[in-house]
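There are two complexes below, and they share chain A, which is joined by chain B in the first and by chain C in the second.
Showing the complex of A and B:
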C-alpha cells in the first residue's frame, strides 16, 4: 500500500515504543532505523517484528524510525499498526 | 572448582592467592571461631601538643610517604557528592605513585573521573562493595588486569581484620572535625550523617588523614572518628556537593507497581508470625523496598505494635517512625538524607554504629544477626532464589552488594521485593548473571505477579496460605514472565574474570566475566 503522509505513534516512556513513519517514493525501499534500551537482548526480534508488520500491510517504500524503551510485543505491534494506519490516512483523529 | 551453588570459581588469583569456594550461607560460622588470624593494627606515637593540621591535602599526603603498590582506603558516606577521592588519587598520580589498590567502601557516579587513573596504571586493583557509572562499565570490559573484589559491608570489615585488605593510607572526609582529628558526619554544611563505614579504616590504616570543610573548635562532638587514630587533619573549602551528599528527603515511591509490591510484602510480613511486639526491621532506601516501611507503619499503628529497632541505611522515613514511637531505636551505619543527620545529632535513641557492629560475620554477633525482618530489592532473582544486585542486564557491573547478603543471612525473614520484569528485562529468571546473596538466605519473593516462598521454608508458606495469602512456585512465575517478555538473546562473555564476588565470610560465591565486544 502507498503511505499518504508522515505519522507517529507511541511515547518515550519506559516500556513503550515511539514509531515515526515517513512515506518514500516508489522503488526507494524500506529504510528502518531501530534503537532500543534492550537492543542487545531483543534487537533482532524487534527488527523482525517491524518487517513482518510492514509485510502485513504490504508497505515497501517507507522511512521508519523506532525508538524502543523495552516495550512488550503487543505494545510494539499496536504502536506500529497505529502509526501505519495513520500514515495510510485510514485512522481519524490523528495528530500530524 | 565448583562452589556450593554450582558456580565455577578459579582455584587461585595471582594477587590474592588461593580462593576458598562458597560453602553455604552459615557453614563457615558454625564452629564458632575463625581460623583466619586477626592482623594487629599499627602502633603509633605523637608527642604532646604536636600539631596534626596540614595546609593542604597534598601536604598531608606527602607526609604519609606514599609508595608504589600502596593501599588507599576510603568511605562512601558522601555518596554522589564526593569531591575528595578523585582529588586524592589525582594528587597521588601527580606524585608518580603507581599500582595503587583502592579499597573504598563503595564507588559511584561521582568517581567516574577515576577512569583515567585505571587506564594509566595509577590504580590497578579495586576492593569495593559496589561500583556504578563509567567505572563499572570500563571494568566489565576488562580495563583492569586484576579482577576487582566485591565484598559486603560486613565482609569489608572482616577483610580488613584478616589482612586481606591492608590499608596503608585512609583519607576520611568528615562534615566536622577538630585539630586533633575527632570527626563526625552529623553536622556542618556537608553533613552526611553516620560515619560508620570509616571506623574500621581509622583503626587499621597505617596513616589516617581526616579532611573537613568545617574545622570546629576542640573538641568536635559527637566523636565518630576518634583522635587517637588520626595522624593528620586538613581543612578544605568543600568536601563535596551537599545537594548530592544528602538528597533532601527520601520519598516513598509513587509508582503504582512498586506500591502494589510493597503492600503485598507488608501483608506477607504481617502474617509471617514475626510481626509482633518488639520486632526489628530493616528496609532498603529505594523503590518498593522503602515503600514496605509505609505499609508496615500503617499496620503497626492499626494493630498497636511497637518494634525494637530499625537497622542499617537510615532514611528520614525511619526517623519519622522513631519519632512516632513505633520503634525504640535506630541503629545507623549510613544515613540517606539530610533529615537523618539532624536526628542522629539530636536524638539519643538514634545511634551511629560502625560497620563491624552492623554486619561483620567474624565477631560475637553483629546486629544483622538480631534482625527479624528485612525487605530487600533485586536486579535479578533466579528459581533457586539466588539474588543479583551487582550486574545489569547487559552484564556490566552497575550495582552494589552493600548489606544485601549480610542482612539476608541475619534476618529471620528475608523478603525480596521487585517487579517480575522491568522494561522487557526479566527480573525473575532461570539463572542470575551474578550471585551476590545465596538463595538459602532468602525466604520469600514478592512481585506484582505473585508471591513465591522458598521451598526450604515450608512452614512460612503454610502460615501465609492459612492467612489467605496465595503463593505460587517460582518456576511457574519464571515461565509466566518468560512468555510475556519473550526469550532474550543471551549476553556473550569471554573467559576473562573481571570481578570476584566475596560472600560475607570471605569465600567466593561467584565471578564476573568480561562482557564480549560485538
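Showing the complex of A and C:
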C-alpha cells in the first residue's frame, strides 16, 4: 500500500515508543532507523517486529524512525499500527 | 459470591506504562479509559493501544472494564467496534441519561457480538450517571437490562452539568448519590461512588469513603493507586465486626434448629435483617460460614 502523508504515533515516555513515518517514492525501499534504551538486548527483535508489521500492511517504500523507551511488544505493535493507519489516511474515530 | 468492586482504578487508555502495570496495583477492578483521559486527537491511538493490551497483558483476577466514548461523539461507535469483540468484563458507558440511549448502546453491542458469534451474557455494562437528567432517570436505567450490573456516579461532570461548585463535603451531589444508591439497591446491582480528586488528602479520602459506604455504595472509583489501600481498609470489616458476625450466624443456626426466629445477643435484638448484615460482613471479609 502507498503511504499518503507523514505521520507519527507514541511518545518519548518510559515504556512507550515514538514512531515517525515518511512516505518514500516508488522503488526507494524501506529506510528504517531504530534507537532504543534496550538496543543491545532487544534491537533485533524490534527490527523484526517493525518489518513484520510493514509486511502486514504491504508497505515497501517508507522512511521509518523508531525511538524506543523500553516499550513492550503490544505497545510497539499498537504505535506502528496507529502511525501506519494515519499515514495511509485510514485512521477512524479521531479528530486527527 | 459476587465480584467485589471496592475500588475501580482509572487507567488512561493512551498510557502504556500504566496499562501494562494495571494488574499489580491491587484494585478490584480496572477502568481502561478511552474517554476523558484521552486527548481528542489521540483517540485512535488509545483505542489501538488498549486493544493490543487486552490481547496480550494478563490482569490476573482483576475485573477489566473499558470506558468508551459516548455514542453522540465521533468516537463511540469505533470504540465499540474495536473493544466489544475482545469481551472485557464490562463496558462503562458515560453520561447515560435515558433508557432510549441505553437501548441503542445495547443494540449496537449485541449486533457486534452477533457478527463475531459472541454470547450476549458475558460482558456487562456499567451505566455512568453524570447529568441531572441521568439522575432523574436512574431507576429506569438501572432496571432496563440484566446486562447493567453497576451504576456509577460521575461527580465532576454532574457538578458541571448542575452548574454548582464541587464542594469537598459533597453537599451538591448528595441527593444524586442517594438516588443512585437506591436505584442500584432496588435492582440488586452495584453502586460505585465518584472519584476523590485530591490525591494528597488521605484523611479526606477516608472520610468520603466512610460516608459512601454508610449510604450504601459498593465501592469507589480511584484515580491514583495510592488511594486503593485506604478504600479497601474502609470496606474491610474490623476484627470486632467479624467476631460479632460469627456469633450472630452461630446463634442464628442454633435458634433456627430450635424453631426460634428472633433472639437477642448482648441485649440487642437479632432477626433476619441483622443476620443478612452479618452474612454480608463475612462475605466482605471473604470468610466462609
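Here is the rule we go by: the second predicted complex is superposed on the first by the 91 of 96 C-alpha atoms of A that agree within 3 Å, B and C clash if a C-alpha of one lies under 4 Å from a C-alpha of the other, contacts with A are read in each partner's own complex, and residues count from 1 in each chain.
Just so we're on the same page, a residue touches a chain if its C-beta (ideal position, glycine included) is under 8 Å from a C-beta of that chain, and two chains touch if they have at least 3 such contacts.
Quick caveat: nothing in here was measured; it's all calculated off a predicted structure.
K.L.:
Tell me the contact category for A:85 with respect to chain B and chain C: first, second, both or neither.
P.N.:
The second partner, chain C, only.
K.L.:
Kindly classify A:60 by the partners it touches after superposition: chain B alone (first), chain C alone (second), both, or neither?
P.N.:
In the superposed model, A:60 contacts neither chain B nor chain C.
K.L.:
After superposition on the shared chain, which partner residues are touched by A:77: those of chain B (first), chain C (second), both, or neither?
P.N.:
A:77: touches chain C, not chain B.
K.L.:
Is A:44 in contact with chain B, with chain C, with both, or with neither (first, second, both, neither)?
P.N.:
first
K.L.:
Tell me the contact category for A:14 with respect to chain B and chain C: first, second, both or neither.
P.N.:
both
K.L.:
Check the contacts made with chain A and report whether chain B or chain C touches more of its residues.
P.N.:
C
K.L.:
Taking the superposition on A as described, I'd like to know which of chain B and chain C A:22 touches: first, second, both or neither.
P.N.:
neither
K.L.:
Once the complexes are superposed, what residues of chain A are shared between the chain B interface and the chain C interface?
P.N.:
14-15, 71-73
K.L.:
Report the residues of chain A in contact with chain B in the complex, numbered from low to high.
P.N.:
Touch list, chain A to chain B: 14-15, 37-38, 40-45, 69-73.
K.L.:
Can you name the residues of chain B that touch chain A in the complex?
P.N.:
By the definition above, chain B touches chain A via 393-394, 422-425, 484-486, 488-489, 491.
K.L.:
Please give the residue numbers of chain A that touch chain C in the complex, ascending.
P.N.:
Against chain C, chain A makes touches at 9-10, 13-16, 71-75, 77-79, 81-82, 85-86, 91-96.
K.L.:
Quick check on the complex: what are the chain C residues that touch chain A?
P.N.:
15-17, 20, 40-45, 47-49, 51-53, 55-57, 74-79
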